[in-house]
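Next, two complexes with subunit A in common: one pairs it with subunit B, the other with subunit C.
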Partner chain A sequence: MTILTDLLINLTSGFLWGTVLGAVSVGLTLIWGVMKVVNLAHGESILLGAYVVSALYLFLNVDPLLAMFVALVSGLLLGFAIYWLGLHKIIGHVDVVTLRIEMSTLLEMFAISIILYNIYSFLTRSEPFGIGIWHLTPISYINLGYMSIQVNHLTAAALSLVATFIIYQFISKTPTGKAIRAVMQDSQAAALVGINPVRIKMLTTVISIGFTAFSGFLVVLYESAVVPSISYKYAPLAFTIVVLGGLGSIIGSYIAGIIIGVTYGVSKVIFSVLVSKNASDPLALTMAFIILVLTLLLKPEGLFGVKR
Partner chain B sequence: MDEKEIIKIHNVTKRFGGLVALDKVTFNIYKGEILGIIGPNGAGKTTLFNCITGVYRPDDGKIFFNGLDITGKPPHRITQLGIVKTHQIVKPFNEFTVLENAMIGALFGRRAGKISKDEAREIALKNLELVGLIEKKDELASGLTLHEKKFLELARALSAEPEVILLDEALAGLNPKEVEESLDIVRMINKELGKTIVMVEHVMHAVMNVANRIVVLHFGKLLAEGSPKEVAEMPEVITAYLGDKDLALKFVKR
Partner chain C sequence: MALLEVKDLDTGYGESQVLWGVNLRVDEGGVTLLLGSNGAGKTTTLRAITGLIKPWRGEIRFMDRDISTKPTHERAGEGIIMVPEGRRLWPDMTVYEHLEMGAYTERARNRFEDNLDFVYQLFPVLRERRDQLAGTMSGGEQQMLAIARAIMGDPKILLMDEPSLGLAPSIVIQVFNTISQLKERGITILLVEQNVHMGLSVADYAYIIENGRIVLEGPSDEVSQTDLIKKSYLGI
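Entry: the complex of A and B
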């Protein structure tokens, strides 16, 4: 296999993975941008959706395309619970966001992440759990000539685009979406034009976590199966993507996800030539975090963010 | 102006730690008037506005709007009831266009939930026309000058279709020509749209000229209340604030 085909293959798969990464980051950018809550339970929110779809498929034989809506609903419920149990008493009363509040919500989310992580580990005994070889079409691979692509990867990419487009339309076009963006810019000014910031923050948490759980379905579609520790791969990548895309920007997150996916694919080829095949994967992942550092140094507001 | 009170402020006290920002303040705001609130820096003017709009909850006392007790209600409820304010430090939504800023006022104001997007747009356009920002409707608010941002806040406030508008130093930082323009708009909103206006102002000749009545705050206390001319002649006001009687009367004459 020549380096050129190798490059083409990794470019394609990096791109497809990047669309999944993009969708995975959308919920994080919303909750962070609007509420200034750093969601340390992001990885576990992704896993919730992945596990819900897989359990329904394995135990009740529910079609994953149907189960993905249940994943969404499970995320909405988790978001509702997180808001009322964890965030409301901290956020609801204080409007001006200070570092002290960010610190308390950060710890809350950290606690929630540990609780969920342990529940998942207990229930699955940390064994891989997923939809396995389920795929949408009769064939599971499509031959492109230079490579064959898993149908599930294409499905994940297509669904990520549709879902991101829908949430983008909601945020940018509807009055509620406008209210969310107003609260993101200035919570107190929003209250003084008649927007109930508490309601909007609750709604944002619910929508963000719901979308994140839905994106967990895309992850399991892409990965076939998940283990709890996969959250340690996806969550840090999502944080990087949110910073690169610009805090609060949905389009920014999606595009940054693709950038990170492609960077991963390309650098994997480069490192397997320069270093070794074995070392290429961790080194390629490291590139994502080098991009994080470079973004913070050169363009801290991100690609689509607004200078404040 | 009829003599019906629209807002009653009764014995309102607000403390910040040991500092008493408002000390048992009592006065009425009458329907259809332009009321000027003056007082030196730190007198409690902005704090009073924040208590009326629900940003702060008074430690003591009550505020009534059209007979309804609104003390401690959250800001968005008070906006929807019909009291809006513009900020001393302008706060337009910088990432929205001028039109979106005005529309958001209409969407979540008095008719929140009962107004269509098209109606909201119409109201927003009308108010942008009124403040002279119609040509900039598709520009981002962040690109406006200070003067334009103040007008945008006014258009956004008007779009909520309020009964009472509180203006916190709407004229500060404007040049004399801009002050005159703003005063014309304030008079117009009062006369033609029938809105009650309360303005906190340091630009003395401007308030004295445009207001029907003046309230003077001093160290959180209500020092005086009356017509501009009466207030300018009160000895306690002159010593506390205006300094020089001749100068004070000159303000009223201009």
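Entry: the complex of A and C
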């Protein structure tokens, strides 16, 4: 196999994985960008959706395409619980969010993260759990000539695009979406025109975590099976992507996800030639975080963010 | 009948008290002026009326009902609308989105078309710039948009916090012309200003606040003749 084919293969799979990463980051950019809640339980919120879809499929034989809506609802409920149990006393007021408040949410979400992580580990004994190579069509692979692609990966990419488009339309076009943006940019000014900022903050938590759990379905579709520690891979990547895309920007997150996915794919090829095949995977992931450092140094507001 | 009444109001931030027994009443129609120097408690009074700060003592009555415990957004729903100091626009939202969001409450939505026509007639530039992001406009344009957003809320009482602050003299004149036009339309206004001349010229009734206490009140033509105003504010 020539390096060129290798590059083409990794570019394609990096792109497809990038769309999943993009969708995974959208929920985080909302909860962090809008409400300054540093959601350290982001990885566990992803896992919730992955586990819900897998459990329904394995135990009750529910079609994953139906189960993804249950994943969404489970995330909405988790968001509701997190808001009222943990966040309301910290962010449930009209005042402008200070750094101190942002730090308090970080600790709160860290606690929730640990609780959920241990529940998952207990229930699954930390063993891989998932829908396997479930597929939409009679065939599992499509041959592109230079490589064959899992139908699941294509499905995940297509669904990530549709879901991101829907939530983008919601935020930019509907009255509630506009109210969310108004609260994000100046919550006191929002209250002065009659928007209830506390209600909007609750709603944004619920929507963000709901969307994140839905994206967990895409992750398990892509990965076939998940273990609790996969949150250590996806959550840091999502933080990187949100910063690169610009805090609060949905389109920015989606595009940044693809950039990170493609970077991963391309660096994997480069490192397998330069170093070794075994070392290429961790080194390629490291590239993503080098991009984070470079973003913070050169363009701290992100690709689609606004300078303040 | 008083539209708005502030009775024996004490309030402040944290440990420090800013207002000491403030009494104020705004009758329907016309412009009431609250005049005072920096740090006298003008903005704090408006923040208490809109509910952004809670009263420690005393009450705020609107249309003869105590609203002291209502949250800000509910007061907006009843028609208490403020043009905040420093404009407080949403920088990444367009002009038209500000106008839409200004009419967020149910009673404002019902009058959306009427108020939009009026706003465009007052500030034709906002129609041309409807798709521009607020953060990219000049200071004067931003002040117009802040006033326009408030008008879209269909105010029963419009609170204006130093609308002339930091603007070029020609824009200041334009802002005060706008206030006169709002008055003609029958909108009740409570205006907070440091600009004594302009403020008194447009107002019907004036209060002077010093160190968190109302020290003088009266019809504005009488107030402008008092020694206090001549000496402390006009420097005559």
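Just so it is clear, the second predicted complex is superposed on the first by the 306 of 308 C-alpha atoms of A that agree within 3 Å, B and C clash if a C-alpha of one lies under 4 Å from a C-alpha of the other, contacts with A are read in each partner's own complex, and residues count from 1 in each chain.
Rule of thumb we're sticking to: a residue touches a chain if its C-beta (ideal position, glycine included) is under 8 Å from a C-beta of that chain, and two chains touch if they have at least 3 such contacts.
Fair warning: this is a prediction, and the values are worked out from it, not measured in the lab.
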Simultaneous placement of subunit C and subunit B on subunit A, clash or fit: clash
First (subunit B), second (subunit C), both or neither touched by A:191: both
First, second, both or neither for A:137, with subunit B first and subunit C second: neither
Partner chain in contact with A:182 - subunit B first, subunit C second, else both or neither: both
Subunit B and subunit C footprints on subunit A, overlapping residues: 175, 178-179, 181-182, 185-186, 188-197, 306
For the subunit C and subunit A complex, residues of the former touching the latter: 50-52, 71-73, 76-77, 81-82, 84, 88-93, 97, 100-102, 104-105, 108, 135, 149, 153
Contacting residues of subunit A [partner subunit B, same complex]: 175, 178-179, 181-182, 185-186, 188-198, 306
In the complex with subunit C, residue positions of subunit A that touch it: 94, 175, 178-179, 181-182, 185-186, 188-197, 306
Subunit A contact footprint on subunit B (complex, rising order): 53, 55, 74-76, 79-80, 84-85, 87, 91-96, 100, 103-105, 107-109, 112, 117, 156, 160
